[in-house]
Amino acid sequence: MIKENTKKQDLLWYVLIVVLLLVPFIPQVAANSFTQHVFILILLYASMSQAWNIIGGYCGQVSFGHSVFFGIGAYGAGMAVVKFGITPWPGIIIGSLLAMVVAVLISYPCFKLKGHYFAIATFAIVEIFNRLFMVWYWVNGALGLDYPMVKTGWTNFVWYRTKIPYYYGALILFTTIFSIVRFIERNRFGYYLRAVREDQETAEATGINSTFIKLSAMALSAFLASFCGAFFVQYNFRVDPPMVMSLQVSMVFVLVTILGGAGTLFGPLLGALILIPLQEYTRVLWGGLGRGTDLMLFGFLIVLIMVRQPKGIMGLINEYLNYRKTRKIISAQPEINS
Amino acid sequence: MSETILEVDNINCAYDNVPVIFGVSFEVKEKELVAIVGANGAGKSTIMKTIAGLVHPKKGAIKYKGKDISHLPANMILRRGISYIPEGRRLFAKLTVVENLELGAYIENDRGEIEKRKKEILKLFPILEERRKQIAETLSGGEQQMLSIARGLMSKPELLMLDELSLGLMPSLVESVMETIVRIKQQGTTILMVEQKVQEALEIANRGYVIQTGKIVQAGSSQELLNSDEVKKAYLGM
Amino acid sequence: MTMFFQVAIDGLLTGMVYALVASGLSLIWGVMDVLNFAHGEFLMLGMYVSYWLGFLINFDPLISWIASGVFCFLLGILTYKLIIHHCLLGPPLSALLATFGLSMILKNFALNRFSPNYRLLTGTLLDGKRTLIGNIVLPMPQLITSIFALVVVFIIYYVIKRTRLGWAIQATAMDKEAAELMGINTERIFLLVFGLGGLCVGVAGGLLPSYLAVHPEVGGLFGLIAFVCVAMGGFGSIPGALLAALLIGLVEALGGFYIAPVFKYVVVFGLYLLVVMLKPKGLFGW
Amino acid sequence: MNFIKKISIIILTTLLVFTLVNGAAFAQEKIIKIGTLFPLTGSCALAGSRCKAAVETAVEVINNSHPECDVPLAAQEGLLGGYKIVLVHADHQGKPDIAKAEAERLFDQEGVYTIVGCYNSACTNPASMVAERQEKIFMCGCSSSAALTERGLQYFFRMAPTDKTESIEFCDVIEWMNGTKGANLKTIGIIYENTEFGKHAADEGKLAAAEAGFEVVVDVPFSPGATNMNSEVQTLKAKNPDVVFGACLGGDYTLWVRTMKQMDWLPKMCLNYCTGYQDPVITEQLGDDANYFMGGTGYAPEFAELMPAVAAVEKIYQEKIGVPFDSDSIQEAVATFILAQAIEKAGTLNYDTVRDTLYANEWNSPLSMGGKVAFVSGGQNAKAMSMITQLQGGEYKRVFPTELSTDEVIFPMIPWSKR
Amino acid sequence: MPLLEVCEISKKFGSLVANSKISFKVEEGNIVGLIGPNGAGKTTLFNCITGIYKPSEGKVFFDGSDITNLPPYKVARLGAVRTFQIVHSLKEMSVFDNVLIGAYLRERNTEKAREMANQCIDICYLTKIKNTRAGDLAIGHKKRLELARALATSPKLLMLDECMAGLTSTEVNESVSLIKSLKKKGITFLIVEHIMEAIMPIADKVVVLNGGLKIAEDHPEVVVHQESVIEAYLGQKYSKKFQLAAKGRNI
């Protein structure tokens, strides 16, 4: 039965990729740069949340600190372009490696903490990083880094007139991260992650080095998050600490994942599919009124979803699937005892 | 004999849409000790939780003294006079023995009455008297089990429901727990108990029900059950 | 040396306000394991209540703290009934996200209703009054707020530790199902706890407008610091939250003065990390 | 089926929103669409909403016949013989990434002719880049970062004086005080919110001070939205500079002043960059405590005799938002007027022509101090000026430059104990 | 050489002494019972052996190497695997996935690990509920699941902490025969148990703890006669019962 599910999921996966590849050819999208923008954001946030999902969903370590890694990636690309005047690629690579190192360094002591203590510690780390970057002269502190006009194309990963390359860039990012997570999910590492989430003591007693598992999950997650950050800055041509390295930014990743369903492969995508258009279109509709109506509505919808379906959209779908399954079970009650 | 005080009528229960209990009916008469026995995962604890109001039946009714209580919340059921001592002690670990007892009588507002009961109950469990001010989690396993029974008695229940009292207790303690139950019964409290130790339970019970995969498969006086071949084979390991 | 004491005293006075905000949060957190993200926004609304009472009918914050306390009590109860109650069925994070949504609603509600203007009460009883101890200045508004903070925190602590209701609250926190079996209406306890949490922050909000401007964003940093206080003190421990709040106030002021003002929150968050590295469950945590 | 119901509700809502957004097209008339992009929510919402109202006011005056207003285009209705301006408002929440996305949307989806915005320099930067790439005009009112007009953009125009000009003016005041009043001011302290705005202001302040030969003894950045400013003020007090340059917004400004009062400390002189100090409600909020602070001001109601034309426009503005203009919001109105004048003069909507017209002329702008606007390369308004004012008895008294001043500086600031 | 050797282990929590100088050996292929009253320090001893606690004094040797201060996962990798008294199943995962996690310890290949997990599930009579969420199981099944997961790691030594509590006598008999068959495959057992019916017939040796001290170590039939054991642990009624049962077997 598990195999059957896997096959179904695989099929779904391929269909999804093909559909996404074709999105720019939908006339509505192709002609409308804002719709393109929304699609890019969906993919970006889905990727970013998927990166968070590795540690927050599968491994159960709720980190509000991911904007640090996001930010380091963003600054990596930004520094390369602005300060060194070269292509962002070396910056992205260095930034990602650096994010990994930072992730290991800060999470090693933090993993001693459990539950909310860990969450608050990651809060604190974001705030510390934010404030340090705000005064760090070398990275322009609070002023931020503004991109100069550079030659467009894949070398610089910058386009001014079109968004389609960004869309495909985001799609590559998304596909890569999703494939990685999908691979992990079905392998030893993925099972170990979940074991650590469910019960660390049992995991240890079963021969799992839980610290190592958590650290490697964090490092991987930070590495991927950093790429997303770099993409974000290449897309916006500007980076400053509140933009990429703040609690608010972290919250979005958590929000998207939980809303979709933490610890599920399709949760982040579902969450982003619902949340991002909501955020963008409510702002378009009511943001101009200047009365916070859009944000009120946005907040209201978050509350509504959480109240109606605390397990996220995937919870809803699983509930539905289980409902069908149990109907079968009722008709064929198993002899539980052997 | 005497009045029926608890009547469980054809109930069905499920956790998250997974059904566990299928049309179970039984009754408990006043001043009786009734044991429900059965294998693991048969649904014994679920039945107890359903009566105590922690789980609500999908179908059927539970009548206590003729009134339907099947959809009351747990705290209201206690107020009707049913006290449930759950599996695994469930003490308030950071509170002292006395504070745990006080909470047992939470529904009683009369200060004097509470003091009186406390005295009575501490007499029944002398070991707790010595440890009045001790934090519950520092008690030994047996003492904790005693405290959980004592706490359950503080509300002066007419019907006491005991769930797997002997679980994880050493043999000599199992003995004394069973003795305690007999003593409580002698004081006039009706008792409904669930027990894995089938032999021990049926030895002290008046009547028993055997439950298997969510259905009652056998019922009768405890002697009948102890002598039944099916029970011997399935539960007593003979 | 005077400078040192002055800075330290200022820090402690600020810490007291943090304590008042944090104790409500700690209570909610300890009993229900719910992170109330909208706590700072409760404070903001409490401040608005007090401000409007002062502005429209000339109530002094010394009186209107009662009103804002009651208001936030009701707000807490409503929040529980409408939101938290449903979220408790799901994973613990869902309550956090729901309150995050709520904080967005409340913040923008204030923006919508009261405009983004910052507002400050002038001419209150305590406005600008101060006492001197030696060369050290003690500003009255902060001093009175601190006294209130101490009293409220003490009352709550007493209720929790010494009364049957308090034991019931503790019992609910430790084992909800078992508490239910004791005849404790845990729903009502949760409701009460959320209300009390609101009450604490409402009292703080009622007193603050005498020296702090009210605007829709005012709650943000208070909320964040309250989180840190609670975690540093150990979840559910009221004295822990008090001590942590005082420590944070002190460290913030001294760090801000002796290192650099821009680093004062860095020092605060750093202190939290340090404390939990040494005591992973906070100062008074279980 | 509960499940299907839930899912369909979600899908329907999304679809509804989607169609609403895409379907909201205007019928083609004789209109010019102009986008406004301000922080309408978030920590700068106050300033943003005022700026938005200022633009609305300007458009109201331009579109309709307002003979009572003595400003260009007021008497006639609309532009170019009947074209009306339609505003499309957007909110960037103070976030640069949203500013960029919204600017793109305004240009591509809403089809606006130009954007007026964005208040925060950090947001103006990416948003104006969007315009530049599309070779469309971007009108900036009050973003004060000097760097904005040093980027060499072709289609970017800014009305307000920059931090740089203000900083130089501050130093001029000090020199003037030293020269004529024997004030003997030597040391400077800077307190600013640690954001793009504050940092820019402080950097320019330091540069100007160094050039004029003053010593900056203390430099205090603080986190905006602070719960208290005790250590900030203590740090200032400990170094005790003669003059303090301040760059604090709204709530932080009141908190700062209150904290200084509480600590019983004042510098001899206090000069503020726009924002907090020149907020029209500041005297309401702080009462007497607001007095004797000084700052650069582009407009205040007390300037009535200098800028007589403002009053009538201000009336319309005040109906919208309840407070008089301040130096930030009025610049946004100026931006709108200048743009309209340029279009009218160019007689076409062709971007290049309008841009060239903007550069080629000196514009009559009754809402600007000095009454003139003219742009130099990079888009800076070369005629932008502000005055140094001092709050005395709750009014902004003009104290410098001397040729326009009406009142004497009260120096040093009256200590708290003597008020 | 014994498979497991516990040398003078002491464990103190502040002033509380949970274990005091406990020594015993477990020979390869044996079943050793560890009994004693609640709070005698059995679980603490388990925790010291498996590395969850660091013992205050003493050494533990497993298979010839010193494992005293090794972290739990290393002990498990060496082949000493335990179950928990309070069942720690991985609630949100299915029974099969639980066991699979055990199987992954020795087998990285997913297909082979699945095969192994399936075998262990069959051995422990869990086949019919293999897709159930572990959190939904009844207590007895959870205990059996713990056993299956431990088994899947191909251990040399299995340490079972009250894995039969909550089972009816018939189920206990099943478990006993399961343990016997595993013993034949060469697995060594160290078992903490209160159910004497289970432990007495199969144990090669019984170690009795009381108040953190070892009070007896001998063949079970000898132990049930010892006065100290009867007094501290068994109670008169039970000891008589076992003595009778033992006699019955001897005849």
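We just call them A, B, C, D and E in the order they show up, numbering each chain from 1.
Just so it is clear, contacts are C-beta pairs under 8 Å (C-beta built on N, C-alpha and C of every residue); 3 or more make two chains touch, one makes a residue touch a chain.
From a predicted model like this one, the values you see are computed outputs, not experimental measurements.
Engineer: Identify the chains adjacent to both subunit D and subunit E in the sense defined at the top.
Structural biologist: Shared contacts of subunit D and subunit E: A.
Engineer: Between A-E and A-C, name the chain pair that shares the greater number of C-beta pairs in contact.
Structural biologist: A-C
Engineer: Look at all chain centres (mean of CA atoms) and spot the one farthest from the centre of subunit B.
Structural biologist: Of all the other chains, the one whose centre lies farthest from subunit B is D.
Engineer: Subunit B to subunit C: how many Å between their CA centres?
Structural biologist: Going by mean C-alpha positions, subunit B sits 43 Å from subunit C.
Engineer: Please tell me the distance, in whole Å, between the geometric centres of subunit A and subunit B computed from their C-alpha atoms.
Structural biologist: 49
Engineer: Would you mind pulling out the distance in Å between where the CA atoms of subunit B average out and where those of subunit D do?
Structural biologist: Subunit B and subunit D have C-alpha centres separated by 74 Å.
Engineer: Subunit B to subunit E: how many Å between their CA centres?
Structural biologist: 30
Engineer: Hey, what residues on subunit C touch two or more of the other chains?
Structural biologist: Within subunit C, residues 108, 111, 216, 262, 265 contact more than one other chain.
Engineer: Send over the residues of subunit B in touch with two or more other chains.
Structural biologist: 16, 18, 39-42
Engineer: For subunit A, jot down the residues that touch at least 2 other chains.
Structural biologist: As it turns out, subunit A has residues touching two or more other chains at 131, 134-135, 291-292, 295, 301, 308-309, 323, 335-336.
Engineer: Any idea which subunit B residues touch subunit C in the complex?
Structural biologist: Answer in residue numbers: 52-54, 73-75, 78-79, 83-84, 86, 90-95, 99, 102-104, 106-107, 151, 155.
Engineer: Contact residues on subunit E for subunit B in the complex?
Structural biologist: 35-39, 85, 136-141, 162, 165-173, 194, 196-197, 233-235, 237-238
Engineer: State the interface residues of subunit C toward subunit A in the complex, per the touch definition above.
Structural biologist: It comes out as residues 29, 33, 35, 82-83, 86-87, 89-91, 93-95, 97-98, 100-105, 107-109, 111-112, 216, 224, 227-228, 231, 235, 262-263, 265-266, 269-270, 272-273, 276-277, 280-282, 285.
Engineer: Quick check: in the complex, which residue numbers of subunit A touch subunit E?
Structural biologist: Those residues of subunit A that touch subunit E are 1-2, 186-188, 191-192, 194-195, 197-199, 201-210, 334-336, 338.
Engineer: Along subunit B, where are the residues that touch subunit E in the complex?
Structural biologist: For this pair, the touching residues of subunit B are 15-16, 18, 37-42, 45, 87, 140-142, 164, 167-173, 175, 196, 198-199, 233-238.
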